[in-house]
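Presented sequentially are two complexes of chain A, the first with chain B as partner and the second with chain C.
This part shows the complex of A and B:
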């Protein structure tokens, strides 16, 4: 500890130093370190956004890059298409996963590890591999889907539903854990309700919060997704950005910021929904 | 279990044995059918294709052909970039998470950092690549600024269209992902542990080396592995940034998809399956490590 420059008088200096150390460091320095870490992070995360903003504002005359946000019909068409696809994805995902998670918890607890494993598979099969497999499987007979626009749209939705599995299943399952589905189901059935009524009138409303956070995460992922959208060649927001990034530099900066704002809005809604609860927003579909 | 059995029985007469069980399984049939059609079947198609020659005979040659220089280079580049960004993202992400949760910063900052991490971990593909090009690209505002004060990064050999450039960009979603997944583990560090070790005379360094790090280690390793998988599977960001200039595995699969880059369909399938195998190993390691970590989070 004591370097060659400091003189050792008694041989106890290292000990004295190690005793003095904790009191010397606390309490101010960890907080200072935290602020430094925070400021460096803000720089790293802020600069690219600032850079994009500055670039988008360089277009002449001032604000020109943002003009197409009100004038470019294609942008609205593609953005609208992305949102429609995202909403259908969310609905299909809910329709598929809520009854499944409910049924597994109620009747088939032994199947749970298998279902959970399947919903985690999209983490193992990256989007590029999934789209590769989907295109290989569904571009020829007997299951030709890519021949028509409707078929391609269906394939796009199915791919996104698969990508939403990990997030949706986890939020739904977490939601089911905190409500007593067994008692609720028994109560409904003793009042004469069928399975559909149980799910639609009782389970679903109770899962509202859990489903909403998964839904908005899925929405953000689908609207900002690139790999599947581009390889299935659908007119998504991503395809639009790809196109204008090659021809209109300033405009692409403006659209990139817009995409960030959309994700931000979705996450804002999630944290509003999950306020007061320990909500984990974990994603990572690139 | 007995309770489970009673619910249906209230309405439908109990049916013994097999038939009743298969009826119950029908409840998850739509999900299973969907998963088989759009997840299992496509993967199986790639898998079977990877074991076939172009004429349909069974072979292992496709995997042997993965040892060609350019496929090896692709795997190496993917592994290197994933490893570097997983470790750096893990390190800086942990520092940021620890600073915001336990570092004595004002409370509201935590909520802001967590929400922002949710946004940034999803910010990938085109917009992310563009944002960095506008910032540290050849004409980016930071590059211009640095050049003006006499520090020209491009003069020093740096370029954003390189592995290092790509790593800097990847950290933008890797670091926040780390913040999100490590936060519960940091929350789980109990104050009592620090107090107990201080009472026993431990220094700050000793507390970290003997108490905090061993407890956090499985979570840290698990998170870094998840980050690795996250970067390994990424395609769009690299595609937008370099247009295929850096031949990652995902980029190679992409160009195989849009043309026949490898000149051999079945080799492309083998490339994809090799990728799934690596991702599978990372997920198994991750789930093992999180199970270890959960011991401390009760």
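This part shows the complex of A and C:
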């Protein structure tokens, strides 16, 4: 009887309980939700990887897919080619976009909405349209670039500069936002520096992390890009992967895992190179 | 012949805003000139025109007889110190100081020697290997100063260099800036809205308002003989007392029902209105027996301790004008209580007479804006 009696003593207990409960639960709920989201994400992204790993290990004898992968010279050739194209793409993008973003921020801020709109175009226009346009324009005179490997490589780089444009430009623009480029530029100029010195000695070094982030995204896009590479008939990693997946299922799974590992390794290296000191430097700028 | 000359300078921004108009200045070699004025008066724009970051709409700028009006900033050989230091975060202190020398491709051993000299000059000899983020604000600004001086510029420009620092460092650093400037004998233009800074540092002060020069003069002249009501109100503290001329020949004016004498022959006849302006240091508590002094009575409305001085406000009439006066804060000082009736005195040659016909309210507005 004591229970019901005590419950009816004031009649306010349910109200007190309802007030107390949210205050006890509210801090815990987001934590629980975070763990649930994290767990679901791990399963969503991790299970396919685990599945791919298990599948790749089914090749007999054990580990044969990986042995074959290591011994296949074509894989490393294509992978190397992809990385070279990616690096050239990154360098061309830096050369084009750093001065552009710098100038827009410094002297033409009214153009920013237009530039931002242009950065969205590669999302809207599919790569197939881009490569078709390139082929129509550059497969015949006066600029028959597709007739030679060098010409095709140049077209490939140009296409990848366009595809990586949104990522690279936005990374650089975000980097420029956190440094006072106007004052730094004026300080440079008052010390006798011309525009090239301003960009090379002051702006670029202070954009290191932003450029590395953009470079990483560009690298990931270029290494994994298939449509432009296949239409321009260039020996990229993605075309190799597609080729072996048609005939060697276990090996293609092993190669996919390897490309995933390389991507993560690249991201780790970028974090190690840039993050620490740059954050301190930015924190020190008032 | 002047070393730095600004002749008929005008700056009109797109949209029609006139930031600077009819600005003329001639500074001698080694002179320290300050531009003083409220925000938006055009002082920074003028400085930026000397640096080359803004192009004048009209007028010419010359340094050491050479017309630099159309020269790019990097070709003017002018050093600049910015409000927010603008040190290059990716370079060490030594790298920052050496930047201007490296751009000029000076030999490495000369650059190293010069950097060491400057680090010594700013008392940061052991900080050459540090990065800007590892230094305090005051240290960063000293580095910025050393960097601007490293390549031996013709003119040094400082754009409110101390405004981001706390009060004590500000005072210490301004003494240091002046000492270095004297030591190097470099022509310097200093922009500030802090009158104390301008008055304590400068050989001459250019007081600016709404894009034009109000007065150019030595600090003593600016403070004691302001040329316009704006200068009088902007530089120092003023109590504005509306008055009516009683005896123009003898400078007698009636203020809040009491007669005061100003050591000035007043123009216009008796009954004309004018404003008597009194600086706090001119007045003292108590009655004076000196016939050259004015004694007036009033009620104490406020007593405020300001460290070395005590500022007392006395109302000369119910709801009437208030006189602020400063007394040195000595242990023996006997202060009146708020609400007490007291007599104060000030010399006849103490007050300024503002005879523009502008009502006190308008002048007070001017002070508030400043």
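Keep in mind that, in the parts below, the second predicted complex is superposed on the first by the 220 of 286 C-alpha atoms of A that agree within 3 Å, B and C clash if a C-alpha of one lies under 4 Å from a C-alpha of the other, contacts with A are read in each partner's own complex, and residues count from 1 in each chain.
Please note the rule applied: a residue touches a chain if its C-beta (ideal position, glycine included) is under 8 Å from a C-beta of that chain, and two chains touch if they have at least 3 such contacts.
Just so you know, these numbers come straight off a predicted model, no measurement behind them.
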First (chain B), second (chain C), both or neither touched by A:162: first
Chain B versus chain C as contact partner of A:190, first or second or both or neither: both
Contacts of A:152 with chain B and chain C, given as first, second, both or neither: neither
Which superposed partner A:131 touches (first chain B, second chain C, both, neither): first
Chain A: partner with more touched residues, chain B or chain C: B
Chain C-contacting residues of chain A that also contact chain B: 186, 189-190, 280-286
Chain A residues within the chain C interface of the complex: 179-180, 183-184, 186-194, 197, 201-202, 205-206, 208, 280-286
Partner chain A, residues of chain B touching it in the complex: 1, 3-4, 7-8, 10-11, 24-25, 27-28, 30-32, 34-35, 37-39, 41-43, 45-46, 49, 92, 95-96, 99-100, 103-105, 109, 111, 113-128, 130-132, 134-136, 140-142, 171-173, 175-177, 180-181, 184, 198, 203-204, 226, 229-230, 232-237, 239-240, 250, 253-254, 256-258, 268-269, 272, 275-276, 279-280, 283
Interfacial residue positions of chain C with respect to chain A in the complex: 51-53, 72-75, 77-80, 82, 84-90, 99-100, 103-104, 131-134, 137, 147-148, 151, 157, 164
Residues of chain A touching chain B in the complex: 18, 21-22, 25-26, 30-31, 33-35, 37-38, 41, 44-45, 47-52, 54-55, 96-97, 99-100, 103-104, 106-109, 111, 115, 118, 120-138, 158-159, 161-162, 165, 182, 185-186, 189-190, 220-221, 224-227, 230-231, 238, 241-242, 245, 252-253, 255-257, 259-260, 263-264, 267-268, 270-271, 278, 280-286
